[in-house]
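By written order: A, B, C, D and E. Residues from 1 in each chain.
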């Protein structure tokens, strides 16, 4: 049992547990905080996958910004405990739960039955050796990521920038108390 | 499949299964929860699950495309959350309601 | 092949309006918007006149071609070129643009910026579809032209504008989908002639020999022919696919009507001339009778129905159906007079009907009514307007020395060459055309003062002002063109003669050279 | 080159006048407008005279002055030039148009001086002259057609000149559309000629005209000439398209004189004479022309007998006289037709102007039953009117006598003539004499029935001078073309007219000419009969309408059905409206309603309804429950994954 | 996780070191509190704590004892879990982030090298930013868990403020990253060694005197100011302590807290202050570097002094640790000084400064830096 394996199992349990509590907690604030936990776990998982930069970004963006918004909104709404946290309807409820169960089973099944190998790269290929070397060094691949991002996918990156601008304007417009989508009240 | 090494040697499949489980948990949240904000959070959960897959693939394929994709997904998730919350806030301000069934009235 | 080596004036012509649209959409000053748009349209006109200057009318070859690979995998390229068939339509488009902008000076008062942007985008799309030599490129421009038109009618239109736009859109879309299918089918055939690669180039399409069996409807050429023909026939519009036109015209704002009648309908007839006849020579010869018959029905039906319309715009719209029937007739008789006349008639119709719509727009601005029965005796109140209206009317009913005569005369001659019977039916249109137009002129301008004129006499607020200087400036180019084209048709027909002769002589194995 | 300039000046001077007056159409100064317009036409007249003199100087066989300005339409084999030709035929027309035109312009100054639209009026008038000149001078059928339609347009504008009267506007429209019917046929005729002979140029056509007669009704030449003739019936108001001309009297009277009597309506005759070789080659067409001409002559005359509007009488008389011209060309007497064209231009213009003078004096009163005894108020008008009257009833040695007599004789004697044609012609002459005398009697003679409030007065000099000049012309113009028989009788006066026209007129085929022979005595006899009958009828009319009014009334009473028939112009208008126009309009409405609205639109709507209802059906799935949507998504995912797993 | 060492010895030493650094941070807090109180006393012309122990140094110990003895109070309607969790979470991010800051040159003992920081992260800055971003939750949890209007509003204010200023902070750091071309803090410090030099546009400039160090402040003056200002807001200190604005909100999100829980909040706050001071030092003032001497020179001096590599390394580490702490202390003092010098902003002013002043300037700084770096590498002047 290597350090990596220990970390993985630990983080898996954290992430799954926190994820479950997101769904199951009847108090939305707890859900949100559980989600923060999940996010942190995911960030750690990223780190185990040598994606340190993404781990950092995950922390900044998700826990530092997105989830703060959620939590703030929830706290502002002051919803406390919900009486009916879950949708009503026995038949549809059954279908939903069964559907989710089946889906989980199917997904896991598909993954385990279709991708037998641990890596998609053929054994013995030069690439595989590279991977092994990289995995061993634990080197950060931030530079590779940045080159990919800013050279190859620059258009997508710029488009995202535009998207964010649009979103920012849209959000401001939506949350203005005057005008906007609803009458003043 | 069930071998002893399954616990000690962590490979791509482990991450994928983890991602799948997280994804289905998120899906369950979307299907079952009534609070719109929680539904939105479940979506974030699903996106995170997918991100795990991406990063795992990225690592095991020695290809940074996956990470770039994660980057994009994060950005879009942030945008989506912002807009979603803005909408929810403006509706809440007007109707004092975040129940997802209430939003059926908006279908027009 | 020397592609793209010459100047890139065609791309300039196509994309300059888009640039203008962009500039207008970011123009901060609301007051100077119209002047700006007018200036831009004049620049565009000047550029297109450069094209006219450099055009070599002694050859039927494609000129000023530009070709760049667009989607390599499917052989789709950005391929534009101009020849005698498209040249004048391009000029028509650019000439009408400043007139339209000047004509909408007063009538469009809301969302001025959006309107001009839409106009310029529309211009770009129309020019693109006239100049595109690649099937997919053509299709893209063809569809693009719908969108600004949709907005022009839908936003600045009349009371039933939504109904009209939807109808317009659905009709045209239905046709163009057929065309897209046909284009894709033909692209799949192209490896035969290109030696393996798929191509969407029109020149490669021309090389195709699509099997044809007379009498069997389900042969490729016949099916393709009808797919294209229906698409274009809707746009023309050919009877019985014409009902969108009156609605669209009635609801459209004045410039919308002008561009619709002036240029958009020509896209259909241009399609016949550029695509249908050269691509499917057997089928078009074999089914020429059908289109001639429909053209004739269109001529007579349009005229008869125009005669009983109570609404000016509707009347002119149906007259468009009638006039475009002439164009179709001229195209399918497949002789030099018919085709030359058709090409000329396209321009005529653009100018005369455009002029009529402008004039109707001017009167509508004053009275907010288009009901013919409410008018009467307008000639006394607005003499200059009357003069212009009558001149344009005379052009529309093809009185000699106006442009209308030349086109109609040639088409009728072509029709006679095809068949005596056809020409007998066709000349009926000459009589009926005069009937409905003069009926309208009489009821609007002559006779005792009608409801509106009377109201204007008593009410100083609703006094009918005669045409302003701006309005005269709008109509003057049209009138000048009417007489110029009536007096010196050769100056315009010379550009297209070679192309028409080339088409007629090599109908069976048509090909275009690239100059 | 100087010919070209001359012709250009000739053409452009009226156009210039039109433009000058057209651009200052708001002006109400009748002096400036009238002077400009009259000067413009006078300049043209001078040019015409100069051209005529030059023509005289040329040898008889090559009397032709051409001016080629630019290529007009040039496509395929079609090559039409803006080219103009002055030759024997067109020079005569030129003189008539510009000469009579100038006089009528002069007359108009006086007649229209009180009208507000006087400048507009003169500009139209000049434009008409311009178009008429193009019609006459054009060297091809298409160029002629330009003028042909152009004069139609001017006629339309001038008939509807007082447009605020709905009936007058409608009359203009009626004129234009009726002409259009003819024009459509004219176009067809052109096409047939072009496709057969490959040209539309008059000289080339005439040179190419077959010398063998075409017997078939469906031969190209016959068909083409028939079509052209239909065009001519429209323009020249023959059966069946004459209906517009009486209505056209709604326009100002000088217009009636210029357009609807002297010039435009004769265009059809002119066209046939222009293309006479072609018509000669189509005997069937000639026959039709002759019959239509004769029928029109008689029918119009019968209607003229009962009309009470002074201008209507003259209008029907014009139709009738035009019938004579067609009768002439129909029997191959092109020279005679042309001659009658000219004389008719003089005396009918005179009479129209005279009637204008009367109407002017009577303050727009046109009903002859409310006139009478105007002789003493309007001496000049009366005197000149008498000259016109004598000319039209064919009083010996007045101009009308020569031309009409020649026509009658030709209709009898020509190989393509027929006794019945002569009978019709003579009957027409008798009727003409009757109704013209009736007009004279009711207007000028007898007792005054003038309203007491109206004080008739003689017109100013601008109006009387043209009357006098035209009066003189009406008297003497006949002598330039004295018929053979009378020339014999008068001492061998040469027939300048025939000599002048001979080079451009193709005689009937020699074998036909040889097949009939007539003697001089026959001619004298027939002349005598027709003149005698006409004089009798004139005297009868004089008696009835000045002395014994009751005879007319009794006759009208006793022949009530016939009187009504005539009074209502044989109900032709009603038949046209009832049989063609109204059903057409009604059926158009049905057409629109049933085809456009109920079939095509309905189909579109059904298609859209199918889509809409289909959408409504699927809409129930989309109930706004987002979780349900998510469930669909996950179900889809399950299905896809199951497939992947099962595979 | 190889940074934790390969041999058992290394792992043990590393773990001990980590704990030490954490303790060091925690123990710095009482000193800082004492310094603050004494300092404010001097600034305001009074004494401050001076009774317990020499110069009142033991005062804090007494306070700690008092805190520990206080009643463990939970508001009636409050959320018990969150109320307890909040102070614990207040401590963690601050500590974790602080430990990523290198405080001296690595210490080499035999074959083993020990970093004088909690652990080394390749993406140091991003990591620190990410972790410190989580501090918001403590405020929110505390504010909401207290179930008190003042607390909630304080928490909201604080959260909004932190999020707002995080942008300017991040963008200011982007300039730093651009200048040094790395995320790694140690590499940044190494890059600031030696005399001031600038190469670009085709010429090299080296400062004539070795005492003009190659510090970031010369390249990023604007960035430094922005970062420092933002750091005030991030750590909720005056003039940006709107969250606790006593006049309005009693004490902000920790109104309901007392005793040891309160103390933990204090530690968290001071922790943030220390992170800010550490970052300022590292980014702009050469980190543990000494102006005039490079680490190699110091190491060589140690070697010549002691003749032993281990001793030299220890000497080197110690000298630089001192250097770092001096700079660190100066910045901490500036924090304290500012707190007692400037008045508090209004909330709208705060937001205006954040969004309308600092963010644009930070953007400008970023763009300017990027442009200059690009041009300097592409174009040659003269």
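Everything that follows uses one rule, which is that a residue touches a chain if its C-beta (ideal position, glycine included) is under 8 Å from a C-beta of that chain, and two chains touch if they have at least 3 such contacts.
Keep in mind the model is a prediction, meaning the values are calculated, not measured.
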Any chains in contact with both subunit D and subunit E? A
Contacting subunit C as well as subunit D are chains none
For the interfaces B-D and A-B, which has the higher count of C-beta pairs in contact? A-B
Need the most distant chain from subunit D, centre defined as the mean of C-alpha atoms. E
Which chain has its Cα centroid closest to the overall Cα centroid? C
If you average the CA atoms of subunit B and of subunit C, how many Å lie between those two points? 53
Chain centre separation (subunit A, subunit B; CA means) in Å: 5
I'd like the Å distance between the centres of subunit B and subunit E, where a centre is the mean of that chain's Cα atoms. 33
In whole angstrom, the CA-centroid distance of subunit A from subunit D equals 92
Multi-chain contacts in subunit A, i.e. residues touching at least two other chains, fall at 4, 53, 57-58, 65, 87, 96, 99-100, 103, 107
Multi-chain contact residues (two or more partners), subunit E: none
What chain-chain pairs meet the touch criterion? A-B, A-D, A-E, B-D, C-D
Interfacial residue positions of subunit A with respect to subunit D in the complex: 87, 92, 95-96, 99-100, 102-103, 106-107, 109-110, 113-114
Can you list the subunit C residues touching subunit D in their complex? 166-167, 170-171, 240-243, 246, 301, 304-305, 307-309, 335-337, 340, 376-377, 379-380, 383, 387, 394, 399-401, 405-406, 409-410, 412-413, 416-417, 423-424, 427-428, 430-431, 434-435, 438-439, 441-442, 445-449, 487-490, 493, 497
What does subunit D use to touch subunit A in their complex? 627-628, 631, 634-635, 637-638, 641-642, 644-645
The answer for subunit B against subunit D in the complex is residues 27, 30-32, 39, 100-101, 103-107
Of all residues in subunit D, which touch subunit B in the complex? 622-627, 630-631, 634
